[in-house]
Amino acid sequence: MTKIEKIVLSYSGGLDTSIILKWLQETYGCQVVTFTADLGQGEELEPARAKAEMSGVEDIRIVDLREEFVRDFVFPMLRANTLYEGQYLLGSSIARPLIAKHLVGIAREVGADAVAHGATGKGNDQVRFELAVNALDPSLKVIAPWRQWNIRSRMQLLEYAEQHHILVPSDKRGEAPFSIDANLLHTSTEGKILENPAEVAPDHVYQRTVDPVDAPNTPEVITIGFERGDPVSVNGKAMTPAALLTKLNGLGGRHGVGRLDLVENRFIGMKSRGIYETPGGTILLAAHRGIESITLDRAAAHLKDEIMPRYAELIYNGFWFAPEREMLQALIDQSQAFVSGEVAIRLYKGSASVISRTSPCSLYSADLVTFEESAIAYDHHDAEGFIRLNGLRLRRWAARNGR
Amino acid sequence: MTKIEKIVLSYSGGLDTSIILKWLQETYGCQVVTFTADLGQGEELEPARAKAEMSGVEDIRIVDLREEFVRDFVFPMLRANTLYEGQYLLGSSIARPLIAKHLVGIAREVGADAVAHGATGKGNDQVRFELAVNALDPSLKVIAPWRQWNIRSRMQLLEYAEQHHILVPSDKRGEAPFSIDANLLHTSTEGKILENPAEVAPDHVYQRTVDPVDAPNTPEVITIGFERGDPVSVNGKAMTPAALLTKLNGLGGRHGVGRLDLVENRFIGMKSRGIYETPGGTILLAAHRGIESITLDRAAAHLKDEIMPRYAELIYNGFWFAPEREMLQALIDQSQAFVSGEVAIRLYKGSASVISRTSPCSLYSADLVTFEESAIAYDHHDAEGFIRLNGLRLRRWAARNGR
Amino acid sequence: MTKIEKIVLSYSGGLDTSIILKWLQETYGCQVVTFTADLGQGEELEPARAKAEMSGVEDIRIVDLREEFVRDFVFPMLRANTLYEGQYLLGSSIARPLIAKHLVGIAREVGADAVAHGATGKGNDQVRFELAVNALDPSLKVIAPWRQWNIRSRMQLLEYAEQHHILVPSDKRGEAPFSIDANLLHTSTEGKILENPAEVAPDHVYQRTVDPVDAPNTPEVITIGFERGDPVSVNGKAMTPAALLTKLNGLGGRHGVGRLDLVENRFIGMKSRGIYETPGGTILLAAHRGIESITLDRAAAHLKDEIMPRYAELIYNGFWFAPEREMLQALIDQSQAFVSGEVAIRLYKGSASVISRTSPCSLYSADLVTFEESAIAYDHHDAEGFIRLNGLRLRRWAARNGR
Amino acid sequence: MTKIEKIVLSYSGGLDTSIILKWLQETYGCQVVTFTADLGQGEELEPARAKAEMSGVEDIRIVDLREEFVRDFVFPMLRANTLYEGQYLLGSSIARPLIAKHLVGIAREVGADAVAHGATGKGNDQVRFELAVNALDPSLKVIAPWRQWNIRSRMQLLEYAEQHHILVPSDKRGEAPFSIDANLLHTSTEGKILENPAEVAPDHVYQRTVDPVDAPNTPEVITIGFERGDPVSVNGKAMTPAALLTKLNGLGGRHGVGRLDLVENRFIGMKSRGIYETPGGTILLAAHRGIESITLDRAAAHLKDEIMPRYAELIYNGFWFAPEREMLQALIDQSQAFVSGEVAIRLYKGSASVISRTSPCSLYSADLVTFEESAIAYDHHDAEGFIRLNGLRLRRWAARNGR
């Protein structure tokens, strides 16, 4: 094993990363710096500091990344109306490169030669962390304890904790918990009963949204303002990115918006089933499509739709910091200069529906489309020529084929 | 003007096509055969026969195309999870080539040298009808009265009717109606107040679905069975394609499922706003994605997602009978051999959500994905190599870029 | 007919545009400004001035656009390794938007309300001119005499000339000439015997390249330097874009490089056959691929290759000034920051072959690829994991399929 | 190590696989069946039998796969005009799945539980063999000695041979040879001096084609006939697939056709430089594009061009037996029904140029394209409408943008 001098660990303060912290200290016998990011996961972070201190960590970093997360990761992704496999808003995927970026930044600052993460060997997150680190600093070593140690089950994990005098919270002593990931964009839940895709997800797996059945019986209409492709206000009130997403999470969660029960394909080759709750993101996707519908040229919109699945796949697979993602981002961003205006959304019992859109940059023309006579020059004979020349190759083809 | 001997007219019996029938008879002085298709639009078709008879039509064709429509057009399109501009289920677009196919078939049968349709000069339907006719019989002339005559508004249309003693129903004498298209897949509504995309659609434009607010307060769970990519049963009961879609329209409509308020881009270059109601189709789309999620290989699924926007655009633009659509269909159909199984869907207040899926052809493996020890060989070290080689080019790239 | 006040005509001084000039003056009775661009077509332009003066034109514009043409149109297109239908370097297509840009610029400067061009009604150029004008100034009218007048053949054209006392050069009185387009990038030849795609093109249709049989019997090796995706030097000597392309045209032409005999698909629906000579462009395409081969990341290169046919189609169809072309350009340009270095090319008897490439930004690593032991860490076991996880979904798929 | 009962080895009889054979026998102590395929590599195969016998192999399989190779692998790939990274005809890539298919077939026949190959741990071939085996029989184990043993250089390999009394041919005792792969489609050469992409390849690396300088001074014109997308005759003489490719290899090689000096991107992440000679394949690619140019509809051709890079990547990366490749093949094959006719090609000093094409299924119409008056109805006013509606969205876009 290469000698490691100093490690920066992505540390939540939870059981897994506490055990990893101990294992790193024992295995490598070197200093471990902990990095705990506030991505809006809704947990107190100070307990993580206390736990790290108790484990003898001297350099403890706790950083609020919420604005950076939404501004530089969530919103750029939103510009593409991104959905993985037609449905998933990529709430976990998009957070990983941000964490990796800060792991690398701290590693450079403190002169560490390795970073470590707590992602398991069967999931996507290990790939996302490590590809991002590769792309940001190829000289850094990445340590993935879950792939290196011999712990292969929850039972073995608890045994290790016990042997090493790591406190196991009483609620974690019993049955294995769901595997949960949360941040400002979403909460995901996997494992246990959900591993059978035929089983209906029990209501208690949902944490951030009410069951639509329990949502208010009256619809609520909100407005979202956009500037150059990004949301900037809710109900006419300007907000920072993180504040805006937080606001929409509250509104969406209350109305049961953004639940998704999905079987998806992992990059490493297996299918997995997850429950996602993305209240604010779901509203924003609808709103962004709504404002684009009146401000984006047809060919621009269709080109975006065609490259979107690829773009989503890249983010899902961990290629955020990769030249091909940056190229697609350049294409997407190029299209957003006039995507400004306001959209009204109706929230009701799990749905977020666009019901109105206005824009100073609108391409929509009622004069052009109306069934009635209009001021704008539209010559019906143009359609004749348009159709005849679009059909020219088809007429040749049909005549040749002898239909 | 070329001499026309006989025309087959796509005829609904409504005011517009009644006027067109008269205009064709007068303008071309030749026999006009009327063709009225039952696509499940929910209207009595026998009145059309009476009206055609009164107008002196000798050859009147009324054909029930519902099963052909769903089996040969709707279902193949569904296999691709087709959405135009991310949202529209193409209910109008997919019906046009079928009508054109029968217009051409009848024209050949009766020896007509032209077909005629009542689509206006600003819409997509004229393109769809005419490209399909071009591709099916390039020798046939297509007559589009709305582009040829001088009538340019509703007022002028009513004047023409009056001059030619065509009965105008009293409900059509007043304000112009919405422009409506209906068939087994959907009902679309355009025009009037909807021409302002900022105006919220009034509730009375919806005809086939209840407002989610008025839908039952209790969710309903249904199951849909699939075989080789196509739906074949509802709640365990086998059904023909049209019967199945009719059944789902009833269920979806009752629960307010399938409403869409959209500003879309027409092929001929303008934006238009429409209200769509596609209750059964919306359920089927969710269900089809659900069954694919456990039966389709990842790369197959992603390839389908990538070509889908193009495929949708082709159908929307009227290129159903075109080599490129047939090529994409071959690709899509190739993927569906094992897309069989059953999906459970929860209908509630406007939503149709997949909650369970089972299949004898499932690719899902709980053993492979579980967090716990499992019987299936999965070597965590494989992930190490997988990530390292996926990252190899990124490490080179980063080192070169000097980040 | 709308009253036109002033027209800017794209004017070559040749027979066709001289007739068009006369026809515009007669038909519209207004001032016509002529615009003649030097795109390196290899003709004297001063005779055009004399002819325009003789026709009573008061405002005559002759502009040298060679550097702008190569720098802002040819090189950006080259960055994408652009080929239409796998073979055509788009020499005509890429010149049209530039001419349109200047037509519009002059129209605004002189207060004209229309622009006119001499492209025929069956070709691509009419589309390219007019879409570019539409996109640059939608208020300008476009006049296309070939679509408006009654002249429908060469004979009628000569008759019109005679009637209007327009001098017909003696070499144009006899048999119709080939239809030729030339600029710094290429010369294209169409028409006459070439209209039969089975006929071998006679040698005299080639104007800019020698027959490879007559090219030197000794290969010549040249080097081309690139910076950030664009060529900047030949044989170590820095050159401006137009000078560089001129130099390569000389070298390529001498070695018979860049001939293409192609049947292509026009945007308006028919197939046509053309002979293209693109000596310098052919060398540059090979050289650009050569320098990219060592400086571009794999995924970046593959993404470029995948979008290239679409990008080429847009340029061919006349959508240079369109949002979707600009979006693709943003993607392409994003990839070129490190595409710098030098490529050696062997010219011989019609071929231009890359034989060597060097770059300060190379991503190539001999250490990584060598069959022998090397200093760079490459663990053969990584390949094991890489393959096993890439194969995981295939093993599941195969087991399911029961092969 | 899992107990292995019987192994089928892909065996050439050369030094590497002879050593591997010995290593397998020693390491696994089980029966090894050798499989030697005749893919037209131009070597005697009977010596392989003798060597295998001397090594104690009891079950020796030598199979002539030339017709299957060309008919079921090369020709389907050719239908897509396949080029990897714009240039490489995939001569090695396309042979691997065929070999894997027969390895699996023999393994099943003889009851083997593993297959073995001699591909190294840094190349693409290991991936191609193993993914194909995964997809054809996921129960088979794959043994890749180059990744498992400790031999890491040529010197160590020779030492192993000496220790195990394996005869090393005298010409292999000295300097390391180039790494060569040959079959009916191509010969590739890598390694040694070629590992420096700046070094010009010395002439002696070429084995199958003459230097264009040494090729005949007189061009030779040949004709190739196609039926439904596949070549079926040369100079009017019908031939089987392998005979046809063999014939064209002779013609092309004599004229120096098909040389390529390329730096390419391997799937496993590094760049490598190779010299390829693909004489017959290069001619066929030009000929296939030539026949498609008059028989394929524009949109069909463009769709093929757009998916081609992806298809090529899949083959290069080893995903021949994968659902996504089969889907793309279905799309491609769907387009070829009318790709029949004859193409004339001029071979001269390294070039293969289409000079004429004819087809009973031609879509080309001289009447339609001619500059002169023609019998076919083409209304120049159609172009007006076509352009105006194609430009409609651009005029709106430009007006909005305020250019």
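All chains are identified by letter, namely A, B, C and D, in their written order; residue positions are counted from 1 within each chain.
The rule is short, and it goes like this: contacts are C-beta pairs under 8 Å (C-beta built on N, C-alpha and C of every residue); 3 or more make two chains touch, one makes a residue touch a chain.
All values reported here derive from a predicted model rather than from experimental measurement.
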Rotational angle, Cα trace of chain A fitted to chain B, multiple of 5°: 180
Same vs different contact residues, chain C with chain D, by half of numbers used: same
Rounded Å distance between chain C and chain D, as computed from the means of their C-alpha atoms: 32
Separation of chain A from chain C, taking each centre as the mean of its C-alpha atoms, in whole Å: 42
Residues of chain D engaged with two or more neighbouring chains: 265, 268-270, 297-299, 302, 319, 322-323, 362-363, 365, 368, 381, 383-384, 386, 389-394, 396-397
For the chain C and chain B complex, residues of the former touching the latter: 297-299, 338, 361-363, 365, 368, 379, 381-386, 388-390, 392-394, 396-397, 400-401
Complex interface listing, chain B residues touching chain A: 81, 85-87, 120-122, 126-127, 130-131, 134-138, 144, 146-147, 152-154, 176, 179, 191, 195-201, 212-213, 217-219, 259, 261-266, 268-273, 289, 293-294, 298, 301-302, 305-306, 308-310, 313, 319, 321-323, 344, 348-351, 353-358, 362-366, 368-373, 378, 380-381, 383-384, 386-387, 390-391, 394-399, 403
Residues of chain D touching chain B in the complex: 265, 268-270, 297, 299-300, 302-304, 319, 322-324, 326-328, 330-335, 389-393, 396
